[in-house]
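Once you scroll down, you'll see the structures, which are given as structure tokens.
Presented sequentially are two complexes of chain A, the first with chain B as partner and the second with chain C.
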Partner chain A sequence: MAAVDVVVSGVGVAVSGIAGPDDLLRRTPAGAQGDDPARRLTGKGLRYKDRATRLALCAGRDALADAGLLNDPGLTVPSETVGVVVSSNYGNVDTICDTVSTIAAETYVGLSPMALPATASNVIASWLAIWFRLRGANLTMCNGPTSGLDAVNWGRLLVLAGRVDRVLVVGVEPANAPVRHLVSGGRSNGDDDLRLFDGAAALLLESAAAARDRGVEALAELGPYARKADQPAAVASIRRTDPRPVDMWFGAGAGGPAGMTEQTSYDLTAYHGHCSGALGVLQCVAGTAWLSGHDRGAVLASADGDGSDAAAALLLTAGTRPGPAAGDRR
Partner chain B sequence: MTGVAITGLGVVTCHGSGTRALWDAMMAAPVTDPGPVPDPYANMDVPVVQGVPDAHLPAESQALARTSRLALTAVDEALADAGLPPGGAATARSRIGLALGTCMGDAGLHEQWRADGGKPVARFTSALGVASEIADRLGPVSVATTISNACAAGGFALGAAADLVRSGEADVVLAVGADAYSRVMLACFNRMGAVDPVRCRPFDLHRRGTSFGEAAGALVVESAEHARARGATVHAVLEGSGWTCDAYHLTAPEPEGTQIIRAMRAALDATGTDGDRIGCVLPHGTGTQLNDVVESRALNEVLGADVPLYSLKALIGHTGGAAASVAAVAAALILRHRTVPPNVPIAQQDPECRVWLPQGLTTPLGSDRIMVNGYAFGGNNVSLVLAGAGG
Partner chain C sequence: MTALVVGMGAVASIGGSTVEFFDSLCAGYSGLAELRGFDRSRYRAQHAYEIDDRPGPGRDETLRASRWLEQAVGAALRDAGLDDDLADTPVLVGTTLRELRSVELSWRDGVPFDVRDLHFGTALANRFGATDTHTVANACSASLYTLGLGMDLLDVGAADTVVVAGVDTITESTYGLLDRCYPEAPEQVRPFDRDRRGMLQGEGAVAVVLRREADGPGAGHRHARVRGVAMNCDAYHPSAPDAKSIALVTREAHRRAGIEPADVDLLMLHGTGTALNDEAEAQAVREVFSGVTPSPWMTAIKSMTGHTAGASGLHSLVVAVETLRSGVVPPILGLDNPIDEVEGFRLVREHAELASLRVAQVDSFGFGGLNAVAIVEKVS
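Then we have the complex of A and B:
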């Protein structure tokens, strides 16, 4: 595969009480009293879409707009050049559970034909493609705790393989009764004994050349990624490949980069709950927001696997600073 | 794009376990009707699939959920075929990755829990649970990824496996597609009136939808250099894969087939050859009205109407996320035998589907490149080109 620099050229987030990516850095819990981000999109086309899809559409739209790719209507680039990667472990579990219950109670006749397509495992990525007319490669991942960072790396691989010039990467998890039931092993009573992330985060990844051709500022550059048996091994692998000092670590647990303090470490799950497949993308959105406030630097994101047998880590570095064409979008 | 070597094959379908069983069934081309599903909650009009009999699955895997059980059956064969047994010296020396494609994963567990009123076990099990079971068998893996691209998932997993090898993320990648009976999937297709009560009859004028089957397919892929260095036998080469998305409708294909044509051409472009060098096509061909017509027209445009099609779903049913994986295994077998088996007979070919479906006789493989197509809800399209080991 060609050696191609891949950059972040747009970010978006849909979390209650979080106004935008910069807000993720405030170290405040997602606001239960905040507006439901899923209400940011309106229109008849949203009927029969599950919560994860609505959240993903909101975050995806913001990332595409941030990257300067949204026209009114359509895109500023050929639709075939834009791919989609979605990471979600619980995505449409609510729809599946409702469907099973309906079959048991009313037979298959009780099912709504309009809702049936939402039982497909790739419904979120499909709606992102349909809604924004993204005709490049389209992938849905369900990789457990590392899924978000895996998805970011898969976005990069799609660009490196020459399949697309840019990729919308979305991490999303809905918090609702079926998910709570499954995550807790049936023990959750629906109260606050289990804090689940309810939201979506989105990155627009692009080859550096494609971003330059569009005259768009790179907000951050993707550095090395590693997936190992545990977090210490994943982080060590990154440090071997790119030993530059880490200025900010988005992660938690043992084996993070050396020398991190409370100020330079940020565990997003402490504020936003169990993020599952959304975590890695949310970390990269927060990391990009952090980098955009600094001239240069490096941010490490890591998912320690939450007790499972894999961990992933990825480095983001300060975006290139092109000349006058970059504009001032922030 | 550099091709990657396929050095191991494994498969299980309603016709049995193993590549020999699949090839024998392909050559015999029996008309096989689906049977009733063993599910007391299958409250639907057409509760039938082409299931895999338990007798074809290893007894020691009985405790596993069904999709995991199917997957591991195919995986064990593929690893042995590749000379990479779990725990073996060659396996330990290689950085092994896993790319799994599945539509429903082990959703059967959730369906059972929910209908029975039981509670899930402490460990959440989903599509990713199948990958966990395979990874447990493999030992330490460099990459383990589950691609949930509905009914094209297995094709994307094979393409992704090749990308992982080319990018250097792994030396060897096990590409797997697996799906078992799912009450949700079958009920939804029933509700949409898209289940053929007779059997899966792609390209038949009288087809009335699809008919599902259970299956798993597994392929070991690695670079030609890596295969050579460890003395592995190369069964076929994956020369190219094209991935596109209709971005048109969640369930219906885009009527002009623009993006499935683009996927086929992208796969061909990667081979550095043209459509004239394709000796056979294993189409997606599900038996749904629109899919078969749109795919036929697209094939006519890209390859003409003279390429023999081998319509695998007529033999084993629509096996969901396993479909393109099993088709790739079948393609490798066709390349090995240089013979296109006879298609399962259909009563009357749809005149809207002007494709060549040889029936009742074998057809010599005219060129040693085969195209495999996989399509899915959401307009996810993948085309693969496999070539004989001679290149």
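Then we have the complex of A and C:
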């Protein structure tokens, strides 16, 4: 499956109190006092867009700009060469819940027709496509706790299969009362210690050849990915495919890579709360930021599944590969 | 690369198995009925194409979509000669509304619902031991998109067998908002008719097992060959379709399949019975099939299944496969006065047609300008 190398050529993040991807490496909680990142985009085009969509547009714009793809206006590459993959489990839960509440109180007559697109869970990906004119294949993964890492792998697959040259991958979750209800099984009223992530992270994935042709730097390279019944199985699968030492682990729970210390392990949820579908993309953005500060090395991102159906893991590396692979390439 | 459809399963208002489903369509039997699970006093529209399996009239329950998905996947696996242990076999599930009906019941009525059941991996892990599962929320083109993704997994060698599926249940939020948007409440889905008023939701699930043709069907059947799937995005409007983009994705599907428009014998239209879809789709068909006479045979099953949303693309594909095999093309119900845009199209109306067919095109479009078109071929 590695006939084409897929690299990260841009990153972006929209989280309160986090100025940019490098800030994710500071082990401090997301700033409660920080500005609302969704306010970084303005304009009447934002009317009727839900919070998840606004957050995704902010992070997505930063990743596209970081990858050198934004012109003013439009893109520096043909629009059909860019795909979109969004990961979000709770993005449109507020629209669904608000709508049934209105129907119960006022019948269908009380509804605003403008809410219709957001009843479908792909609304974020569809606004990203419209806003930035991205006409390639467009996917929305709502795949539970592993969804973010799954989305990164689907972005790679769209490139490997030759459907697009590059993909904007966005992980996003909003924090609001319906999400709190859903996540807590109806038990949380907001006064407890359930901390929900409210933000977005974005990666621009690109075939190494396409990035080279545009003369942009590969910030990181995608290694193997696995989705398995639990974290030990997912991590073991990665280690079998690519046994190089892991320098940094973004993850938590049992079954991570061996030999990690407090300094080389980083659980983003400890600082940013329950990240759900945003987690994997947030980990990859943080991992890319880490690799950017090092000439070589490997970062493992994993989602232990949070008691759910499965766990996933993905390896990110600096552009150069030590050992036999490098020899093969002379 | 081409793939074989080696197993199929389908569930809808008109039947609980592939055979029942196809026979109902050929007989012109519709799943249309008055709303069963919602409080009807809250809506102007009163009809839908629901599966009649609720605990009682006006009473709804959680996890119906998961149940039908398990039923369809189980049937497809049996048909493919596979056992119920999926392990690492990828399962891609296309859906518009996931288990959001369960979320509605939890939020409004306090019915217990575990957030882990919001995506379908949990149900598939419990029932089939599946670990490589993916819930793809790609609106009403979702399951045909999963067909394209499944083909890609086979093509790059990431899997030898892939299960692609679709499922959707009716939700009050979507039903209410559609009711709010249409000038008049639809009483039935009437694709391409002048008097169409919009779409009504349908319920159902579908699953298809795929293998690379070069590897043979394994323990399954050679139901049909998938020659290619194209998918794109209009990047134009959150709900309205774009005829130009539909024509583009159709041409791309033909290119991937290595066929010309004149090779298409059967066209499974998306045909939702909304003003916008039917016009845009007809315009795109007219553009791509210009000069092809007679036109391919065309039909639109939503006139009997309702709009089964995320399941609808693969529902149409299952019908295409059965039609290629049997030579029976189901009719479009309720098409009394076709719109001008379809003049000259060989639309099957009133009753099923018998025809000898080799190549079928399946259309599937969704909110967000998501388009997918598949080309399937009879295996002789």
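The working rule: the second predicted complex is superposed on the first by the 316 of 330 C-alpha atoms of A that agree within 3 Å, B and C clash if a C-alpha of one lies under 4 Å from a C-alpha of the other, contacts with A are read in each partner's own complex, and residues count from 1 in each chain.
The working rule: a contact is a pair of C-beta atoms (placed from the backbone, for glycine too) under 8 Å apart; a residue touches a chain by one contact, two chains touch by 3 or more.
No experiment lies behind these values; they were computed from the predicted model shown.
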Overlay done on chain A, so just call it for chain B and chain C: clash or fit. clash
Based on the superposed arrangement, let me know which partner A:Ala104 touches: chain B (first), chain C (second), both, or neither? both
Classify the contacts of A:Ala310 with the two partner chains as first (chain B alone), second (chain C alone), both, or neither. both
Let me test your reading of the model: by the given contact rule, A:Asp165 touches which partner, first (chain B), second (chain C), both or neither? neither
One more residue to check, A:Asp198. First (chain B), second (chain C), both or neither? neither
Between chain B (first) and chain C (second), which, if any, makes contact with A:Ser121: first, second, both or neither? both
State whether A:Leu139 touches chain B only (first), chain C only (second), both chains, or neither. both
Taking the stated contact definition, name every residue in chain A that is touched by chain B in one complex and by chain C in the other, in rising order. 1, 79-80, 84, 89, 93, 96-97, 99-101, 103-104, 107-109, 111, 113, 116-117, 119-123, 125-127, 129-130, 132-144, 147, 150, 154, 157, 160-161, 163, 181-183, 185-186, 227, 229, 309-310
Given the complex with chain A, which residues does chain B contribute to the contact? 1, 41, 43-45, 102-105, 107, 110-111, 114-115, 119-124, 126-128, 131-132, 135, 140, 142-150, 153, 156, 160, 163-164, 166-167, 169, 183-185, 187-188, 190-192, 243-251, 259, 262, 266, 321, 376-380
Quick check on the complex: what are the chain C residues that touch chain A? 41-44, 88, 95-98, 100, 103-104, 106-108, 110, 112-116, 118-119, 121-122, 124-126, 131-140, 145, 148-149, 152-153, 155-158, 171-174, 176-181, 231-239, 245, 366-370
Residues of chain A that touch chain B when the two form their complex: 1, 79-80, 83-84, 89-90, 93, 96-97, 99-101, 103-104, 107-109, 111, 113, 116-117, 119-123, 125-127, 129-130, 132-144, 147, 150, 154, 157, 160-163, 181-183, 185-187, 227, 229, 309-310
Quick check: in the complex, which residue numbers of chain A touch chain C? 1, 3, 79-80, 84, 89, 93, 95-97, 99-104, 107-109, 111-113, 115-117, 119-123, 125-127, 129-130, 132-144, 147, 150, 154, 157-158, 160-161, 163, 178, 181-183, 185-186, 227-229, 233, 307-310
